[in-house]
Amino acid sequence: MEFSAIQIATFLSGTVEGDPEVKVYNVAKIEEGAPGMLSFLANPKYSQYLYTTQSSIVLINNDFELQGEVAATLIRVPDAYAAFAQLLGLYQQFIQSKTGVSSLSFISKDASYGDDVYIGEFAFIGDRVKIGDRVKIYPQAYIGDDVVIGDDTVIYAGAKLYAQTVVGKCCVLHSGCVIGADGFGFAPQEDGSYRKIPQIGNVVLGDNVEIGANTCVDCATMGSTRIQDGVKLDNLIQIAHNVELGKNTAIAAQTGVSGSTKLGSNCIIGGQVGFAGHINVADGTKIGAQSGVLGNVKKEGEELMGSPAMKLKDFLRMSVYMKNIEKLVKRVDELEKRLNEKQQ
Amino acid sequence: MEFSAIQIATFLSGTVEGDPEVKVYNVAKIEEGAPGMLSFLANPKYSQYLYTTQSSIVLINNDFELQGEVAATLIRVPDAYAAFAQLLGLYQQFIQSKTGVSSLSFISKDASYGDDVYIGEFAFIGDRVKIGDRVKIYPQAYIGDDVVIGDDTVIYAGAKLYAQTVVGKCCVLHSGCVIGADGFGFAPQEDGSYRKIPQIGNVVLGDNVEIGANTCVDCATMGSTRIQDGVKLDNLIQIAHNVELGKNTAIAAQTGVSGSTKLGSNCIIGGQVGFAGHINVADGTKIGAQSGVLGNVKKEGEELMGSPAMKLKDFLRMSVYMKNIEKLVKRVDELEKRLNEKQQ
Amino acid sequence: MEFSAIQIATFLSGTVEGDPEVKVYNVAKIEEGAPGMLSFLANPKYSQYLYTTQSSIVLINNDFELQGEVAATLIRVPDAYAAFAQLLGLYQQFIQSKTGVSSLSFISKDASYGDDVYIGEFAFIGDRVKIGDRVKIYPQAYIGDDVVIGDDTVIYAGAKLYAQTVVGKCCVLHSGCVIGADGFGFAPQEDGSYRKIPQIGNVVLGDNVEIGANTCVDCATMGSTRIQDGVKLDNLIQIAHNVELGKNTAIAAQTGVSGSTKLGSNCIIGGQVGFAGHINVADGTKIGAQSGVLGNVKKEGEELMGSPAMKLKDFLRMSVYMKNIEKLVKRVDELEKRLNEKQQ
C-alpha cells in the first residue's frame, strides 16, 4: 500500500506544500522518520525535528509558521493530530478487514448472525446466540449459550464469553478476556469447608466498551454485573460479581474491584488499585495507581491516592513527612537532651 | 422453564401461603422483584421489602412473623437462604447439563474417560490422559499428556492443563486458568544472561478445589506444587512453583504466592496480597487486602495487615498515627519554640 | 524410561561409587528420596541427608568428603548441581519431543515453516506467517497474520500472538500470554466519552526471551514495543504500549510497566511492582516487591523499595521509624507534660 501526498491531502481536505507525488507506505514518529514514512507535528516540543526529519511527508497545523527549510513534503490541516489519528483508523480498518465464516468454526444450528460478519477458525458459537451485523469473532473465541452481541463489535482470538453474557454495539474484547465466570461466593460450613453459592446471574456490557487482554468480569450471583456505555478497561483487571461501572469510566491495568461495588461515571482509575466490596464511588473520581479504596467516596470529582486512599494533597503532604520521619525523631532526641540538661 | 408455588414447595418440603398455582420463571433480589420472579427473605434488614415486592413468590423462614399484608405467595421453610441456594444449585445444574463427546474435539487414542462426560468442540485431550465419570470439559480446553482428572470435575472453555497435572474430584477450573506452566527458575550466568532451570515437576489439585479465571498455578521444579482439598482461588492469582496451600484456604483475586511458600489450612487471604518465597504461614491466618507478607507467620489464627504485614490492630493504630503525622510535626515545632524562648 | 548408574555416569563423564547397575526412573530432592530415584547434593546444608536418603543414585561433587556410610550409589562429577540440571534438561527435551503438523490445525496457504516443527491441533497460523526450524506450536495457539517466529522457539497451548508480532530464536511463550493486543490509548472527547487511538505498531521479542502464563505485552501505538534478548517475564505481567525492556532484565509475577517506559538491561524486578509511564530506569536496577516507581532511576545498579520507591536502606530505616511511631508520639506527650510542669 502506497499513497501519494496529493491522495492523502485530498482525503484529509488539506493542502500540499512540496512534491505532491512523493509516496509513503507507513508511519513513524517525526524524530524517528525515514524515507517512505508519514509523520505528524502537533506538540510544539517536537518542532525542532521538522527541519531534520527523514520522513517523506509531515502533517502540520494550518497555523504553524516555518522557521527554516523543510525537506519533507508538508500537508497542512486544521488539526494535525486529529488528521493523523484519522489516517491510522483508516489503516487499521484496512488491515483488519477480515470477513467470512470459517468452515472450521462451530456454530450451533440455533444461533443466528447478521450481515458481513467474520467468524474465524475454531471459534465456538453456542445455542441461541445472537450476533449482530459486521461483528468480527476471531479464531478460538468462545461464545457460550444465549449470548447476545451487538453490531460492529470485535471479539479477538481466544476471548471467552460464558453463557448469557450480553455485549453491546461497537465493543472491543481482547484476547484472553473472560466475561461471565462465576463470582467468588462460598458459604463457610461448620467443618471449615466451603459450599459454593451458585452464581446464576450474567454480565451486561453497554456500547463502545473496551475490555483488555486477560481481564476478567465475573457474572452476578443474581441479576447482572453491569459495565455501562463507553467504559474502557485495560489488561489483567478483575471485576467481581455484581459490580457496576458507570458510563465512560476508564481503568488502568491490574486493578481489582471487589463484589457489589459501584463506580460512578467518568471515573479515571490508575493501575494496580484495589476497591473493597459493597462501596459506592462518586462520578468523576480519580484514583492514583496502587491505591486501596476502603470506603464510599461521596463527593464527585475528588482525586484520591494511597492505601487506604485519602485526598491526593493529604497523601502528598503525608508522604513528605514520612520521608523525613528520621529528622523528626532526631529533633525529639535533641529536645529531650536539652530538657534533661536544664533539669540537672 | 416455569414452576408453580406448589411444585417448589413440594421440592423444598415447605408450606405455601397464598396462591399455590402462581408461576415463576426466574429469580430476583426481593428489592428488585417483578411478576414471574422468585425471591427470598433471610436478612431482617430487608424485611420492609416483603410488603412491597413485585415478585410472585417469596421464600421466608418458618418463624418469620408478618407485620402487614403481603401480595406475593409465600413459601415457608426452615432456612430461606439455604432453600434458595438449593433452588439455585438445581437451576445451575439444569442449565449446565452438557453431555456428549464432540466429534470436533481431539482425543488421543491412548486417553480414557468415564461415563456421562462432556467433551466440547476443539478441546484437546493428550496421550494417556485419564478422565473420570461425569467430568465436563468445555470447548477449547487443553488437557496435556498424562493428566488425571477426578469424577465430577468441570473444566471451562479454554482452561489449560500442562502435561502431568493431577486434578481431584468435584473441582471447578474456570476459563483461562493455566495449571502447570514452568516455574520461574533461572540460573544467572557470568555474562549477565540466565540459563533456564528445567521445571520437571507437576501440579496436584485435591478434591473440591475451585480455580478462578486466568489464575496461574506453576509446576514444581521437582516434585509437586500442591493445592489441598477445598481450596478456593479467585481470578488472576499467581501460585508459584513448589507452593503448598492447605485444606480449605481461600484466596481473593490478584494475590501472588512466591516459590516454595507454604500456607496452612483454613487461611483467608484478601486480594492483591503478596507472599515472599520460602516462608510458612500458620493455619487459620487472615491477611488483609494489599498486604505484603515477608516472613513466617507462626501463631495460628492471627489477623495481619500492611506491607510489610503486622498484626491488624498494630496496623490500624499505626495508620492513625501516620495520618496525623503533620500534627506531630507541629507539636515538635511548638516544643522547640517554647524551649528556645525559655533559653533566651 | 530407566537408566543405570553407569549409563548416567558415562553421559556426565562422572565416576561411579557403588553398584553401577542400579537403575533410576525419576528424580527427587535428596530429603524426599525413594528407591528408583536420582538425587543430587550441592548445598552443604543438605549433607546430612546423604547418609539417610532412600534414593538409589546421588550426584555429588568430586571434592565432597564422606563422613559416614552411604547406601545410595554415588556418581561424582565436578559440579553436582550443573550435572543435575543437564540431566533435567535432557529429560525435559525427551518428554517434550512433539513433532509433526496436525491435520486439525489451520495453516494459511501463504504461511511458511521450517524443518522439524510441531504444530498442534486447533492451532491457527495466519497469512504470510514465517516459522523457523524446530519451532513448537502447541494446540490452540493463535499466530496472527505476518507474524515471524525464530528457530527453536516454543509457543505453548493457547498463547495468542496478534498480527505482525516478531519473536526471536529460542524463546518460550507460555499458555495464555497475549502478545500485541492494542495499547490502552484513548483521546477524551468533550462529552466525556473516549475516542480510540488506533494502535498500529507491533511487539518485537528478541532471542531467548521467556514470557510467563497469562502475561500481556501490548503493541506500540506506532513503532514497536521491544523486549530485548534474554528478558525473562514471569506470569500475569502487564507490559504496556511502547515499553522497552533491556537485555537480560528479569521481572517477577504481576508487575506492571506503564506506557513508553524504558527499563535498562540486567534489571531485577520483584513481583507486584508498578512503573509509571514515560520514565527511564538505569541498567542493573533492582526493585523490591510491591514497589511503585514514579520517576527516572538514573544511577546504575541501585536497589530500590517502597511506594513511592526510594533507596532500599532508606526504606528499611523509614519502616523501622514508622513501626515505632507510637513511641515517638508518647515521647512528645511526655516532653509537653514536662515543659508544662516546669512552666507552672
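Labels for the chains are A, B and C, by order of writing; each one numbers its residues from 1.
Everything below uses one rule, namely that contacts are C-beta pairs under 8 Å (C-beta built on N, C-alpha and C of every residue); 3 or more make two chains touch, one makes a residue touch a chain.
Here the structure is a predicted model, which is why all the values come from computation and not from measurement.
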Partner chains that chain B and chain C have in common: A
Cα superposition of chain A on its sequence copy chain C - rotation in ° rounded to nearest 5: 120
Same or different residue numbers at the chain A/chain B copy interface, by half rule: different
Between chain A and chain B, centroid-to-centroid distance (C-alpha), Å: 26
Touching two or more other chains - residue numbers and ranges from chain B: 122, 140, 158, 176, 214, 236, 254, 272, 322, 325, 328, 332, 335, 339
Interface residues, chain A side, partner chain C - complex: 27-29, 32, 85, 88-89, 91-92, 95, 102, 104, 120-122, 138-140, 156-158, 172, 174-176, 208, 210, 212-214, 230, 232, 234-236, 247-248, 250, 252-254, 265-266, 271-272, 289-290, 319, 322-323, 325-326, 328-329, 332, 335-336, 339, 343
Residues of chain B touching chain C in the complex: 106, 122, 124, 140, 142, 144-145, 158, 160, 162-163, 176, 178, 181-182, 184, 186-187, 192-200, 214, 216, 218, 222-223, 236, 238, 240, 254, 256, 258, 272, 274, 276, 292, 307-308, 310, 317-318, 321-322, 325, 328, 331-332, 335, 338-339, 342
